[in-house]
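Common to both upcoming complexes is chain A, partnered first by chain B, then by chain C.
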Partner chain A sequence: MIKVVVACGGGIFTTSVVTDRLEEIMRKNKIRHTITPHKITEIPSITGEDLIVVTGKTSATNDEGIPVMIGISLFTGVGEEEFTEEFLAKVKEIEEQKGQNG
Partner chain B sequence: METLKLIMDTFGSSVLVPIIVFILSLILKVKPKTAFKGAVQMGVGLVAFNLILGALMTSLGGQVSAMVQNTAINMPGIDVGWAAGAVIVYSNTIGMFYLVLGLGVNLVLFLVKWTDTFQPTDIWNYYQFVFWAAIVQYLTGNFGLAIACAVFLNLVVLLLADLVGPAFQEHYGYEGVTSTCFCAINAAPFAILMKWIGKKIHADKIQLDPDKLKEKLGFWGEPMAMGLIIGIAIALIANWKELGTLATWATIITVGLTTGAIMALYPAVAGFFVRGLTPISTTMQMRVRRGEIKRQNFFISIDPAVYFGESANLAAGLILIPIMLGISIIEPGNKMLPLADLAAMPFMVESITAVMRGNIFGTVVTGAIWYTIGQAMNSTILTIFSQAAAAGGYKATGASLISSWSLGVVPWGWLGYKAFSSGWLWICVAVAVYLVVYFLFRKNKVKWQIAAGCSEEFMNEKILKVNVTETAAE
Partner chain C sequence: MEKMKMNKELLFIKKNFTTKEEVINNTCSIAERLGYVNENFKTDIIKREQEFPTGLDTAVPIAMPHVGTNCNTSFMSITTVEKPVNFKYMDGTEGELPVEIIFLFGIVHPEDQMEVLKKLTALFRDENRLNRIINAQTNEEGFETMKEFLGDFVEAS
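Presenting the complex of A and B:
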């Protein structure tokens, strides 16, 4: 189970688009997941999640060290394939880590 | 016409809006399954909005009403936020109608090269200017006039989008984009003026560090905490004569918690609502990217949320939150305390940040002055917009009024509504001014875009050179 956060400015429009795309990608690859919407301003204080995908460029980092990925390409469609590969690699990495710890 | 009205009244907006959006989606070649899913979620979002606004109105609405009656503070306006503003606009006949008409207008204006901006990808943000057209409709009762006002403001929005496009691309670092979100781009001309003044008095030398500021001001970006505090503050003032009883304190804390809860739930509810329009936006985007539109050098309009988190912009927006809250309390004649839209402040300064090239001090000063003017204008439209809201099914309680702060404090929108509700002479003046500015802009496009914050290097390399190589390749 992988817990993903999608964050944008208002937590609404771009979040909806990116959430739908991520759901599609993860379903295709049979990854069990949850997706929660958040705001960019909340990124530092998010806890208990595995991966944060932001819909715009930001320099924000998470206090707990949860990795932050820039998912703008899922919104605009430019560089979508590269992002999908990167995203799946990251998910795999996180799942392996979890496997070791658990 | 009679049957149409009967159908509209019987079914109501939570049924009709999704149906219109579904049909529109199919026409624009969205996959039927995706379109249907989106439309259903949109309907669910509308119903959920009814519930959540109802809760806000009974708890906070009553308190604001009591505050106005019991004290000398005359601030009946409840800021229900831009998302609720959008729901209200799209629940009105004009909002539904403009989804269809606006798309056509946008496509025609783009194809005849009146504008460089491809707006249909930003269909969700039509409500930003249709808001003003809804006010024209309720003031004059003239649907045609309201539609004319919407088209006029759409032209203004496109002019602004063309103006700020290159600066947005350079500052925010996305190629080929712009924004057609009225509240995000409306301050650009004023920012150009302020930048010029700043240079004259050497105020442009003042630099602030965005990352440090963001850490210190992070709290202001948290809607739940803001809702809690403002809810408690309003209830305290409303009940100040009865602070001796335990029941009063229970009310005060409950109102605070309810307001906080609503702020926290907003994004989730609004997330449902927008899902009706996201398929249209993404399908249009895909078709543009696939090269279905054969045109060199154009800007695709994308949602302003992608610019929101840029360091300087976020920092400037967060600093402005307490500043605008303070101004709204002391500004004479102001009738609305910003609430749900406080967290949207970074959206409001996006064009200023781009014009100022990330100078936070300049952005904050410009934003504070511009929206103080906007607040004065906003105070004059609350009563009439509340009527539009009531017609869409969202009624305010008692002496309270509802509107969205970020939609109402846009001075160009206010001027547009004023012109279109003050007779033919003023409409002609507005159109004439627009045409003069438009043709001046077209003639000096590059110069104006550089004044709006784009550097000469970026203009030559990314905006103009793209043109040269593409022509050469053909």
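Presenting the complex of A and C:
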């Protein structure tokens, strides 16, 4: 189970669209998941999640070290394939780490 | 379901604005007069643009300032400009992005607006359609083009 956070500046439009795209990608790749919306300003304090995808500009990092990926390409379509590959690789890496930890 | 309002008075075609502030001020004051937003909406839009800019370097660069606060009804507006105005990049790329189309909108309940938002996303990815909006010479033409793209998901008036 991969727990993904989607965060944007306003917490409305791009979050909805990117959530939809991520749902589709993970369904297609048979990845069990949850997706929770947040605001970019909340990034540092998010806990208990596996991966954060943001749709706006940020240099924020998470206090627990949850990886942050810029996923704006899922919104614009520019560079979408590259992002999808990177995203799936990251998910795989996280799943493997989780497997090792028990 | 509440439809997104698209009023002819909120279509600004081939305007001579030179800054994003002019574009935002113009649209927000008309939206306020129409009762779509209250006086604080403009401040929210400007603040959002400062903190989380909305310039998108798509096939045809656009900006999409939007918030859901201080907004009474979901609405869409379009401004096209004779000469590009600068916005900051949404993805944090340094510098300024010159854009020729600005979609400024308010979404009160995003979950009710998913269909029109999907249409809008498809439009942002569509170079031909964006060019048709840029090339529209009159409000009428711009309005018909947008109605064609967004279909029944907007309440046009």
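We adopt the following convention: the second predicted complex is superposed on the first by the 102 of 102 C-alpha atoms of A that agree within 3 Å, B and C clash if a C-alpha of one lies under 4 Å from a C-alpha of the other, contacts with A are read in each partner's own complex, and residues count from 1 in each chain.
Throughout what follows, contacts are C-beta pairs under 8 Å (C-beta built on N, C-alpha and C of every residue); 3 or more make two chains touch, one makes a residue touch a chain.
These numbers come from a predicted model, not from an experiment.
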Which of chain B and chain C A:Phe75 touches, first, second, both or neither: both
Partner chain in contact with A:Pro44 - chain B first, chain C second, else both or neither: first
First (chain B), second (chain C), both or neither touched by A:Ile35: neither
Which superposed partner A:Val5 touches (first chain B, second chain C, both, neither): neither
First (chain B), second (chain C), both or neither touched by A:Ile25: neither
Chain B versus chain C as contact partner of A:Phe13, first or second or both or neither: both
Chain B versus chain C as contact partner of A:Val53, first or second or both or neither: neither
Partner contacting more residues of chain A (chain B vs chain C): B
Partner chain(s) touched by A:Ile66 [first = chain B, second = chain C, both, neither]: neither
Common ground on chain A, meaning residues reached by chain C in one complex and by chain B in the other: 8-10, 12-13, 16-17, 20, 40, 55-59, 72, 75-78
For the chain C and chain A complex, residues of the former touching the latter: 48, 51-54, 56-59, 64, 66-68, 88-92, 107, 110-111, 114, 117-118, 121, 124-125
Complex contacts: residues of chain A adjacent to chain C: 8-10, 12-13, 16-17, 20, 40, 55-59, 70, 72, 75-78
Contact set on chain B toward chain A in their complex: 82-83, 124, 172-174, 177, 211, 214, 218, 221-223, 267-268, 270-271, 274-275, 278, 281-282, 285-286, 289, 300, 302-311, 314, 318, 343-344, 346-347
Chain B-facing residues of chain A, complex: 8-17, 19-20, 37, 39-42, 44-45, 54-60, 72, 75-78
